[in-house]
Amino acid sequence: MKKARTTIDVTNLLTRAGEEIAARVGPSPNVPSARTQSLGPRVRHAKPVTSVCPYCAVGCSTLAYVSDDGTLLDVEGNPDSPINAGHLCPKGSAIFGLTVNQMRWTTVKYRAPYGTTWEDRPLEWALERIAHLVKETRDKTFVQEKDGKRVNHTLGIASLGGATFSIEENYLLGKLMHSLGVVSIENQARI
Amino acid sequence: MSTGFFTDTTLCIGCKACEVACKQWNELPSDGFAFTGMSYDNTVHLSGTTWRHVAFVENVQMDPQGLSDHWSMMSDVCKHCTHAGCLEACPTGAIIRNEFDNVYIQPDVCNGCGYCVPSCPFGVVDMIGQVASNAAYNVATLNQERRERDETAVQGRGGVAGKCTLCYDRQRDGFIPACAKACPTESIQFGDVDELKARAHERAQTLKERGLDASLYGVGWDSSVGDLNAFFLLTDRPERYNLPPEPVLPSTRQPAGYGAAAAAALVMFACGLAIFGRSPS
Amino acid sequence: MPGLGTSFGRGGSTTFLQDLQNADCILIEGSNFAEAHPVGFRFVVKAKERGATIIHVDPRFTRTSALADHYVPIRSGTDIAFLGGIINWVLTNNRYFREYVVAYTNASSIVVDTFKGTEDLDGLFSGFHGGDTGLTAMSHYGGAAQGRDSIGGYDTETWQFEHDDGGAVKRDDTLQHPRCVFQILRRHFSRYTPEMVERVCGTPQNLFLLVCETLAKNSGRDRTTAFAYAVGWTQHTVGVQYIRTAAILQMLLGNVGRPGGGVMALRGHANIQGATDIATLYDLLPGYLPMPSIERNEQTLADYLKINTKRTGWWSNLPKYVISQLKAFYGDAATKENDYCFDYLPQLTGDHSTIPTTFAMKDGVVKGYFVIGQNPVTSGQNTGLIAASMDRLQWFVNIDSYENESSSFWKREGADPTKIGTECFFLPAATVLEKDGTMTNTNRLLQFHDKAVEPAGESKSDLWYLYELGKRLKKLYAGSTQPKDRPILDMTWDYEHENERERKRGEPSASRVMQEINGYVVATGEQLKDFTECRDDGSTACGGWIYSGVYPDKNTNRARSRKGDAWTALEWGFAWPSNRRMLYNRASADPDGKPWSERKKYVWWDEQAGEWTGVDVPDFAKTKAPNTPATAGASGMDAHSGADPFIMQLDGRAQMFVAGPLKDGPLPAHYEPLASVIHNQLYSQQHNPSLKEFRRRDNPYNGSVNAEYPYVLTTYRITELSGIFTRYIPWLAELQPEAFCEIDPELAVQKGIRNGEYVTLTTAVGEIEARALVSGRMKPLRIADGKRVHQIGLPYLYGNFGFTKGDTSGDLISLSMDPNVSIHEAKTFTCDIRAGRRDRRTGPLLQDSPVPADEQIPDGQPQTHGIDQLKTERT
Amino acid sequence: MSEPVLPALPDEAYAGAGNGKVPQLNYFNRPLLRKLHWDERVITYLFLGGAMGGSGVLAALAQRSGNEPLTRTSRYLSLALAVACPAVLVSHLGRPERFHHMLRIAKLKSPMSMGAWALVGFGALAALNAGGQLSRDGVLPAWIRRLEAPFGVRLQGMLGAFTTGYTGVLLSATAVPLWARGKYHIPAASVCSAIASACALNSLALTRDRNGGEAQIKLERLEACASVLELGLLLHFRSHAGATGKPMFEGARGERLRTWTIGAGILAPLALNAISLLTRNHKKRPFVLRALLGGALTLAGGYIFRETLIEAGKASCEDPEQAFYQSK
């Protein structure tokens, strides 16, 4: 019995070896590596999140594949969209590089008057400083009347918003600025 | 089944989405930033890290009516030949024919001998330079860790051969290749090669009826590389797109080579025997 | 969008991208469709595959031309002459769609006898007094006001219709009356002959006639033609009138509101449409409600409503929308007694759009500046001036994801930071993948994008910053008793996020903002189903009425719905208004409510069901039968019959002749661009008399027909790039690595320019360098008197930051404005060119020089161009 | 209105922008094939590998003729080169640490794969035979001698012959126009050049051996045969290759080939050895100086031949026209 098993093993071993050699010797042997055998898309277990392309106004729907640990793996077109049916232009195909990019600035920066460089500052400090500047400027430049007519505005503050600015952001910006009395509220939409 | 690309140049708008989608999915670095003045083409050629390349062929007269003007664009890619020169040349077996009948370079096997490069009659395969030594801006969007962990096509510092994988990894899960998926006008079509060929013949026919001089490149032709799994519909001479009109499979020259070498060796042996002779003992 | 607004009623694309595939012919003009909107272009390709004829009219042979059936060269800045020529051809050859024209347009309306047109006044319309331009804010986005006051140097008294006693417009359906719009149109365009088109546009006659024939052949009962345009038509000193001309042509051909027809407006950026709908434009409140202005004397709510509410048509509902909006802004503080806090809204005192603001900044009026996701120092014009103006700010806040030319304006070439006193902040912004939000695409489609990943590093969403700033300001002003501070304290500001984790991060809820925009019943807090539920008694709150319906109840955000199909896809996203994909689609049926033809059926009257039905949501009262007569003297919608498809308009019809409020005439007339190479061949009036200029030493002009600047220059975007973001992405940067300009071989030889080498372009404002791309795709044109015109193409996308570098075209363009929307003229101007690189900028530019007080204009206000004296010039 | 007549423009006006007026054979006249990245390390290998194979052949001949001195040097040289060659090869790999992947498979269709295995086999036998020689020379214990068999030496000779030729096949079985054109000539010439180099090298090694004279003279004769055949092949290749041969036979590179490979590497040694070649005197030992000079020149010529082959191949890749229409 024991004996038999070993003999089986031996023959088995030999046939295996034989097969191996047969597979590896020939006019053009085709031997996939372990990596190749287990190859698969990196988004295999990722969660697709529907988003919209931030470039032109065609409004291509995109899928952002996110891994369990929350890292972005890939961004591509959403095949269900009646607009782009999964297709994207070069800019859209590069959205990944827009979010994941070593050149991106992800800290609050401050340049003091007459300064020659940017320096990092705490978010809290910057926001407090900005809020104060807004109040100060508004209070200094607020006009209640002009040639006997109520105007309740300030020309001392202006804002210019981009066009990847979402609707919600436009709405809040408008609401806030109008309430401050700011009238020079502009957007890429005109530019 | 064998899968492949049908690239219809008459639908190409030269947007280069294929180039970018490919680089994004395969995590390839940029090849640098040089203005060429070659129409809108600053990529110039396929490379180890550029697996789709859009060629811009200007046929414009100085005719203000512009009636005779053409500006044709074509997205070039690895042809995934039926008989692939690179595959036959590869001494390590890094280049294989996978279950989809595509020619695939296993980045973990390739040791960078470089023999596949001159063995491709289409000038597709190329060595991937020392990526790590590239200026940071070429790799600004790439994940160093994944490269180090050998999870990407350009592994670690590079030094291997690279070309289109026909998104082997995606096909494994039934995703279509990145370039074909991105292509806005469906100039790049992916699918079963036989279906694609049928579609291509039909398309060529319709275009001929519309008076266009359309021809298929890499289908049912007399070439030792056999039909191409990635074939093209062209409206101009292949040379204008930098495609060889009659590619030759390099290995077809081996018999001649070995024969000549053997003959020479025999002559040498003969001379040797004559000169040295046999030992008296 | 006043072009579309005044013509049809709404400032939005009349059709949608997917529908282009049903067109029998597509005319692409003023747009490089394939390059600027590649994915949208796939529907053009689909149409072509289905046998449609694609025509591309453009100064350059582009990637769009490459796919088109016919490429038609044109001198940039002459589209009104070109389209006017087609209108003339259509009228003289009787190729217009008569039933449509008579029933659905105001061609039959009779104009007052005091009206005089450009034929009588050699390029002017009656009522020009050359006075100051007054406000841009003339509800020009298809909005409300009856513009009868003095605007753009014109008094529009004489641009009105004759009304009968019932107040209805007098008509002549035979179109024979000498003063009916149709006959006025005939006279107005009579001189736009094919010969004239060739003289002005340089378009060979045979090509021009080919276009005319193709358009006419593909319009009518059974066929439709679509027009597609983009900023190639808007960025001109007569931009609005370009679109008006196209609109008139589409009315004549009967292509509006029908499948495969319409005017496709291609917006350049993801949320341009959204930013005009829920406006962050100085002269608009959300929903195209005009900002109150002292020039129209809108001091009280009553005045405001009186001036802006229309008697007939949909805008008769304006009070509901205004009051609901004030309730949304100021909540309980807004009561009937205090006019719903109407006086919290600031009043306009002039043109506060971005260009005047720039001059105000230069002159020290503006002290603090927020720039959010925008890069004026490269994408603006006379960018040297913009940067110089920012030098004079006290503080500057930039919210962006990458360092850019604006955030670091003080680093620019030739500037000395140690002399720039501006206090600068850079706040890192989350990208689109890192935040929730909604964007409105080019065909008014709202799509919500979910947050996919956490913002990188310290980055925050723009919404977070605004919300935070609002909260801090409320704190700072807390306890103030001054009336001027009430708005901030009373402003509703409650957008706590539903999600615990996000709330901890202080992230506001985009959904709750959208719910407020959609509107709700004040008492119950229930969402409004539709804007028809808005009330003018303060019982409803609605932030932006046109979007009402997107959030019908607290759990349904229709902008998130994701069920697609190949055509109208009504379950994919939400299109304003009320999810209508094609506007004015009532016009897809004949006056009796039957489809014009089987092939082109879209929305029609279902006799049995007694309602309008079809593949889209009818843009019409669902149960208003086609044979419903208009009630004489009635107000509101009753003034419209069941056969009046353009419900926003006073008379329910498309407006060929616009009785105000456009500032440069009720009809389009060709004027040469501000910087042009020839004299106006049509009139002795060289430029749009109403266009706005800034005659200051820091904003010099090339001048018209100036031998120093003999070449036409046009700017555009290329597929591979789109501003600062893309310049930082290696994959894109390598595709277009350096600034270049396109030159025709003939000019190249004349100037000794070699392909691929550097050239320097100069204008009165500045000089830039770029690589030369010599190509036969650029064609020298032959225009009036055999004059040869060379056009140079220059992509505008470059700057000093990122991987792909180059000078910005903005350095070449002087600031001027269209009178209606204050848009600049960047699509056509003149320049000189020479081989070789420019000198490095060391010293200050002329833009840096301070402007003496006497040259300054208060608050940066512009001047009207006025009447040209070309008669004397031309001998 | 008639169309404006345009002035004739110089071609450079259209440079870059492919204009119908300027017929462009291909795509902006850019090369079709990718640039070869093989450098001097590959050239060195081709040279040394040839000498190694040749030495193997000589070892077999020496064994058969019982020529002791030559047997010794040829075996030692074979081993030395069998160690050097793989080292050079590995150093040129993009991923040297993966050199052993060459032995993952044996691919008959890949000359490089075949070569790799030949190298391995040759190395093993060279070690075996050199070991035997060492023990005969008293360096190693006597039992080792038993491992060597006459068959082993013959096999080493055959593998050696293969290594002299396969490099030529390796080159000609590519898309490089020049190499493809020389599918007969290059392999054959490689063999000859390899034998010649081996003869020169062994002859040089024998100059210190008191009894090496006879072997040296025989080597000179064999070298002469190889050189003459190589010369013939090169001349015929030149006429046969025509335009394709430009990069190899014209310009500076052609000059270099003529001066060194043909002039110094083939003709000079033939001239130097002329006397002894013509006289039938086998015993007379050649002057040391002459032997050294002739050997050195032959080796130099051999190296330059390989170098020219590779460099000309690179240049030939640059020519799209040749790449488009390469011979079947």
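To keep things simple, chains are lettered A, B, C and D as they appear, and every chain counts its residues starting from 1.
Everything that follows uses one rule, which is that a contact is a pair of C-beta atoms (placed from the backbone, for glycine too) under 8 Å apart; a residue touches a chain by one contact, two chains touch by 3 or more.
Fair warning: this is a prediction, and the values are worked out from it, not measured in the lab.
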By C-beta contact count, A-C versus A-D, the higher one is A-C
Could you name the chain whose CA centroid falls nearest to the centroid of all protein CA atoms?
A
Would you mind pulling out the distance in Å between where the CA atoms of subunit A average out and where those of subunit D do?
56
Approximately how many whole Å separate the CA-defined centres of subunit C and subunit D?
72
Just the number, please: Cα centre separation of subunit A and subunit C in whole Å.
28
Report the inter-centroid distance (CA atoms only) between subunit B and subunit D in whole Å.
31
So subunit B residues touching two or more other chains come to 15-17, 19-20, 24, 36-37, 39, 58, 60-65, 88, 93, 109, 137, 139-141, 184, 186
Per-residue multi-chain contacts in subunit D, two or more chains
3-4, 6, 9, 15-17, 19-21, 104-105, 107, 109-110
For subunit A, residues contacting two or more additional chains
24, 28-29, 31, 75, 84, 87-94, 97, 100-101, 103
Mind listing the subunit A positions that touch subunit D in their complex?
24-29, 31
In their complex, what parts of subunit C are in touch with subunit B?
34-35, 38-39, 41-42, 45, 61, 63-67, 71, 73, 202, 204, 206-207, 718-720, 728-738, 740, 744-746, 755-756, 771-777, 779-782, 803-804
Applying the document's contact rule, which stretches of subunit D touch subunit B when the two form their complex?
3-4, 6, 9, 15-21, 24-28, 30-38, 57-58, 61-62, 64-67, 92-96, 98-99, 101-102, 104-105, 107, 109-113, 115-116, 161-162, 164-166, 168-170, 172-176, 179-180, 183-192, 195, 218, 221-222, 225-226, 229, 313, 317, 320, 323-328
Residue ranges of subunit B touching subunit C (in the complex, touch as defined):
11, 13-17, 19-20, 23-24, 29-37, 39-40, 42-43, 58, 60-66, 69-73, 137-141, 184-186
Report the residues of subunit A in contact with subunit C in the complex, numbered from low to high.
49-61, 64, 66, 70-72, 75, 80-84, 87-95, 97-101, 103-116, 118, 123, 126-135, 137, 140-142, 144, 146-147, 149-191
